[in-house]
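Right after this note come the structures.
One chain, subunit A, links the two complexes that follow: it is found with subunit B in the first and with subunit C in the second.
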Partner chain A sequence: MTLLELQRRMAEAVMLPLTRTDTMQQKARNGRSMMAEAAAFIKPNDRLTSFERLEIYNRQYWFRIISAFAEDFPGLGAVVGQAAFEKLTRAYLTDCPSQSFTLRNLGSRLETWLLEHPQYAGKRLELALDVVRLEWAYIESFDNATERALTIADLGQLDGESQLSLQPHLRLLHLLDAVDDFVIDVHRRQASQGVASNAVTSAKHLRSRRLPASLKRGDIYLGVHRYENAVYYKRLEREEYLLLRALDAGSTLGEALDQAFTSSPLPEDQRPARVQAWFANWAELGWFCRHKTAAARRTARKRVN
Partner chain B sequence: MNNSVKTLILTAAVTGLFGGTSARLNAQPAAQSNGQASVSANSNVGTAVHLKSNFQDTGKHSCKGKNDCKGQGGCKASDNGCKGKNSCKGKGGCATDGSKMPDA
Partner chain C sequence: MPANRFNGFTEYGVGIGLRIPHYQHIFEKKPVVDWFEIISENYMVDGGRPLQVLDQILDQYRVVQHGVSMYFGSAQPLSREHLKRLKTLVRRTNTPWLSDHLCWGSVDGRYTHDLLPIPYTWEAVKVTAKRIRQVQDYLEIPIVVENVSSYAEYHESEMAEWEFLNEVVEAADCGILLDVNNIYVSSQNHSFDPLTYVNSVPSWRVAQIHIAGHSKYRKYILDTHDHPVIDPVWSLYARAIERCGPTATLLEWDDNIPSFDEVHAEALKANRYLKRATVPNLPPGALNKVREHPLETR
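Our next item is the complex of A and B:
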C-alpha cells in the first residue's frame, strides 16, 4: 500500500458518519466489515483493537466538525431547535463533507443543500434560509480581503460611464423582516456563554429568544461588512441596495442610478440629497475600490442574495 | 427621470464620493471608547455582530481547528483574529495562547 493509498483509506474511514449512538459503523460504505478494514492498516495494542483505535479518530473528526458547524450557525440552530439542528447537521455534513483545508468553508454549500432538503428546516424554511444566508455572509465578511479603498486621486476621472467595484468583504442581502435583529441576539447570547460551551447542546436555550413574527419577504436590505476589524450588519434602503447591487454587477454609475430608482416611490426632488448621503457614507466606510475585471466581478457577484 | 434630474443625481453621487473619501482619509483610525467604530457623527456603520469567534477573543486555543486567514481579511493584523478559524499560517494573527508573534 502506498502512502497515498493509506492516506485515502484512513480519510475514508475517519469521515464515515457515526452511528446514532456516536460510535463507528460496523460496515464501510462499500459494505465491507469495518473490523476487517481497520485491521488491514491499523495495528491493535494490548488495550485496544484495531477497530477501537480507528474509532477514536472517527469520533473525534465528527465531534470536531459538528462543533465547528454549530459555532458558525447558532441562529439556524435557534430557528429549527436542538433536536432538528442535530439531525440537519449530521445530514448536511454527510452529504457535503469538508473538502477544504479549512473548516471555515464547512457551511459554504448549506444554503443550496437546505433548498434541496427543505424537510430539515421544518415549517420555517424561509426563515431558516435567510438565517443561513446571514450567518454565511458573516463568515465571508469576517474573512474576505480588504482591498485598497479609492482615494481622491482615483476619483478625478469619475463620470456616468465609470464603474466602481465593492470591497470583497461586503455582502448584500435581501431578507425577511427582523432576521438581522434575531441573529444578532442569538450570537450575543452565544458569545456570553463562553468558549467552553457546546453550541449544539445550547441550541435549545438559544431558541428561547422569540422568533420573528413577520415572514413577509422584502422587508429589509442589508450590507454585511467589516470595519476596523469588526463585522457589522448595516440596514440599507431598497434603492441603496439596488444601486450597490447594480454597481457590483458591473453597471456604470449612470446605469446603476437608473436601476436604483426604477419604480421607486422616492420623490424626484429628494433623490439627489439621498444619493449624496449614501455615497458619502459608503466612501467613508471604504466600500469602493478600483474597478475589477469582468471575471473578478463574476466571482464577486456571489455576494448578492 | 428626465435628464436634468439624472444629471443632478449623478453630480450628487460624485459629490458624496469626494466628501466621504475625504472624511475617511482624514479620520482617526482608532475605535472609540464605547466600542463604536470611529466614523463621523452623521455616518452609519450598522450594528456590530458579536460571535465568540470574533476578533476580541483572547482565550486559549485561538486557532482551534479552522485556520483561515488566507483572504488577508480580518485576521491579518489582529491578535487572535482567527480564533476558531485555523488558517493563519504565516499571517501572525493566531497564537494559541493569546500571545503575539515574536518579532522576526
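Our next item is the complex of A and C:
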C-alpha cells in the first residue's frame, strides 16, 4: 500500500459518520465490514482491537467538528431545536467535509446545503436560512480584511460613471424575519473559548438558546460590518440596501441609483438628501474602498478557503 | 539545546500557550512571561480582532509560532495559498523558529483537523522530509517538527517511531520539538519504554520541548491537554534536559483552562530542571552541520 492509498483509506474511515450512540459503524460506505477494514491496516494491541483503535480517531474527528460547528451556529441550534440540530450537523458535515486548513470555514457551504436539504430545518426553513446567513456573515465580518477606506473627500469626487468596492468585512443581507436581535443575544451569551489546538476534543454538550415566542416577520435589510474590531448589525433602508448591493455587483453609481429607486415610494425630491446622508454615514463607517474588478474580488475571496 | 540553529540561536526559557481566556489577565496585569506560543492558524486571517490582539501581545512579549495544519506527512503537494498566509504571519511575528507536527491530516482536499499518525515507512520518510524542506525554503526560517501522541499503529510501518523521527529530521535537516507528554502517551498506548525514545533523539536538533497533561482511560490514554503534568512526564523531561541542556520549554493547556497564574505556575516547575542543567558536549560540527542532498542518498 502506498502512503497515499493508506491515507485515503484511513481518511475514509475516520470521516465515516458515527452511529447514534457515537460509536464507529460496523459497515463502511461500500458495505464492507469495518472490522475487516480496520484490521487491514491497523495493528491490534493487547488491549484494543484494530476496530477499537481506529474508532478513537473516528470519534475524535466527529467530536471536534461537531463542537466547532455548534460554536459557529448557536442561533441555528435555537431555531431548529437540539435534536434536529444534531441531525442537521451530522448530515451537513457528512455531505460537506472541511476543505480548508481552518475550522473557521466549516460553515461556508451551509446556506446552499440547507436550501438543497430543507427537511433538516423542519417547519422553519425561512427562519433557519435567515439565521444561517446572519451567523455566516458574522464569521466573515469578524476577520475578513479591512482595506484603506475612502474618505468623504474621496467620495466627493464621484460621478455617475464611478464604480466603488465595499470593504471585504461588510456583508449585505436581506432577511425575512427580524432575527438580528435574537442572534446578537445568543452570540453575546456564548462563551468565547474557541481556540484551535492540537488537543483532543471531548463530546461537549451543546447548549441551545430558546427562540422568542414570536418574531416579527417582514423585510429586514442589514449591513453586517466591523467597526473598531467589533462586529455590528446595522439596519438599512430598502433603497440603501439596493444601492449598496448594486455597487457591490459592479454597477456604476448612476446605474446603482436607478436600481435602488425603481419602485421606491420615496418622493423624488427627497432622494438627493437621503443619498447624501447615506454616503456621509458610509464614509464615517469606512465602508467603501477603491474599486476592484470582479475577478480581483473573486481571487481575494478565494484566499479564505 | 540552549541556543542552536534550529531555534534561531535563542534562549527562550519557559513559556505558555497564548489562549483566549487569559487575554484579559495578560492585558490588565502584564505578567512577566518568557514567551508565548501561538497557534498560527488562529491568526492566519486577513483582519479583525485576532490580529489586533496579536499585535498587542507582540508589543510586549516574545512569540513563537506553532502550527496544527501543515501536515508534513500528507502524501499530496503542499498548498501554496496556505504557505503564503503563513509567511505573512511569520513576517508579522518575527518568530525565530516555526513548529508543526510530524503527522498527516488531509487528503484529496478534505481536512480531518486531526493529527493523524504517519506510517513509519521509507516512502513516508522521503515524502515528509521533502515537504519539510519545501516549507523551510519558502518561509526562510528554521522548521521544527513535533512528535505527536498516537492511538493506533499501522501494519505498514517498517521502523519504530523514534527511528522514523530521526530519519526524517536527518533527511530534512530540521529541528525537533520534543513533546515528552506525547512520548509518554504513545509509550502507554503502544507499550514501549519512553526512555528509549528520549535517549535516541539527536539532542543537538532539539529546539524546544513541550510538556502537558493528559487523560487516562481504562485501555488507552488521550492527549487532552487539560491536566497538570504528571510525575512520569516530568521524569522524561528531566532526562531530555539532561541530554539536551536547558531548552526552551512550553506548557500546553487547551481545555478546562485554569487561571493564568495556575497555568504559568505549572509551567515554571520546569525551572527545577532547567536551573541545574548544564550545556552538554555536542558532537563535532553539530551546530553547523549541513548534509548535502540527503534525499538523494536513499
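The rule is short, and it goes like this: the second predicted complex is superposed on the first by the 258 of 305 C-alpha atoms of A that agree within 3 Å, B and C clash if a C-alpha of one lies under 4 Å from a C-alpha of the other, contacts with A are read in each partner's own complex, and residues count from 1 in each chain.
What we mean here is this: contacts are C-beta pairs under 8 Å (C-beta built on N, C-alpha and C of every residue); 3 or more make two chains touch, one makes a residue touch a chain.
Every value quoted in this text rests on a predicted model; they were computed, and no experiment measured them.
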Quick check for you: in the superposed arrangement, does A:27 touch first (subunit B), second (subunit C), both or neither? neither
Quick one: is A:87 in contact with subunit B, with subunit C, with both, or with neither? Answer first, second, both or neither. neither
Touching A:64 in the superposition: subunit B (first), subunit C (second), both, neither? both
Just checking: does A:102 make contact with subunit B only, subunit C only, both, or neither of them? Give me first, second, both or neither. both
Please indicate which partner A:143 is in contact with in the superposed arrangement: first for subunit B, second for subunit C, both, or neither. both
Contact-wise, after the overlay, does A:155 reach subunit B, subunit C, both or neither (first, second, both, neither)? first
So in the superposed three-chain picture, is A:43 touching just subunit B, just subunit C, both, or none of them (first/second/both/neither)? second
Please indicate which partner A:3 is in contact with in the superposed arrangement: first for subunit B, second for subunit C, both, or neither. second
Could you look at A:226 and tell me whether it touches subunit B, subunit C, both or neither (first, second, both, neither)? both
Subunit A positions touched by subunit B in one structure and by subunit C in the second: 64, 68, 101-104, 142-146, 168-169, 193-195, 226, 229-230
Subunit A residues within the subunit C interface of the complex: 1-4, 6-8, 10-11, 14-15, 40-43, 45-48, 50, 52-54, 56-57, 60-61, 64-65, 68, 97-104, 142-146, 168-169, 192-202, 226, 229-230, 303-304
With touch defined as at the start, can you tell me which subunit A residues reach subunit B in the complex? 64, 68, 71, 101-105, 138, 142-146, 149-152, 155, 158-160, 168-169, 180, 183-184, 187-188, 190-191, 193-195, 223, 225-235, 253-254, 257-258, 261, 268, 271-273, 275-286, 288
Subunit A-facing residues of subunit C, complex: 17, 19-21, 39, 41-42, 44-52, 68-69, 74-76, 79, 81-82, 85, 101, 104, 106-116, 118-119, 121, 123-124, 127, 148, 151-156, 189-191, 212, 215, 219-220, 222-226, 252, 254-255, 257
Per the touch rule, the subunit B residues reaching subunit A in their complex are 1, 5-6, 8-25, 27, 29, 31, 37-40, 43-55, 57, 59, 61, 65-75, 77-78, 81, 84-87
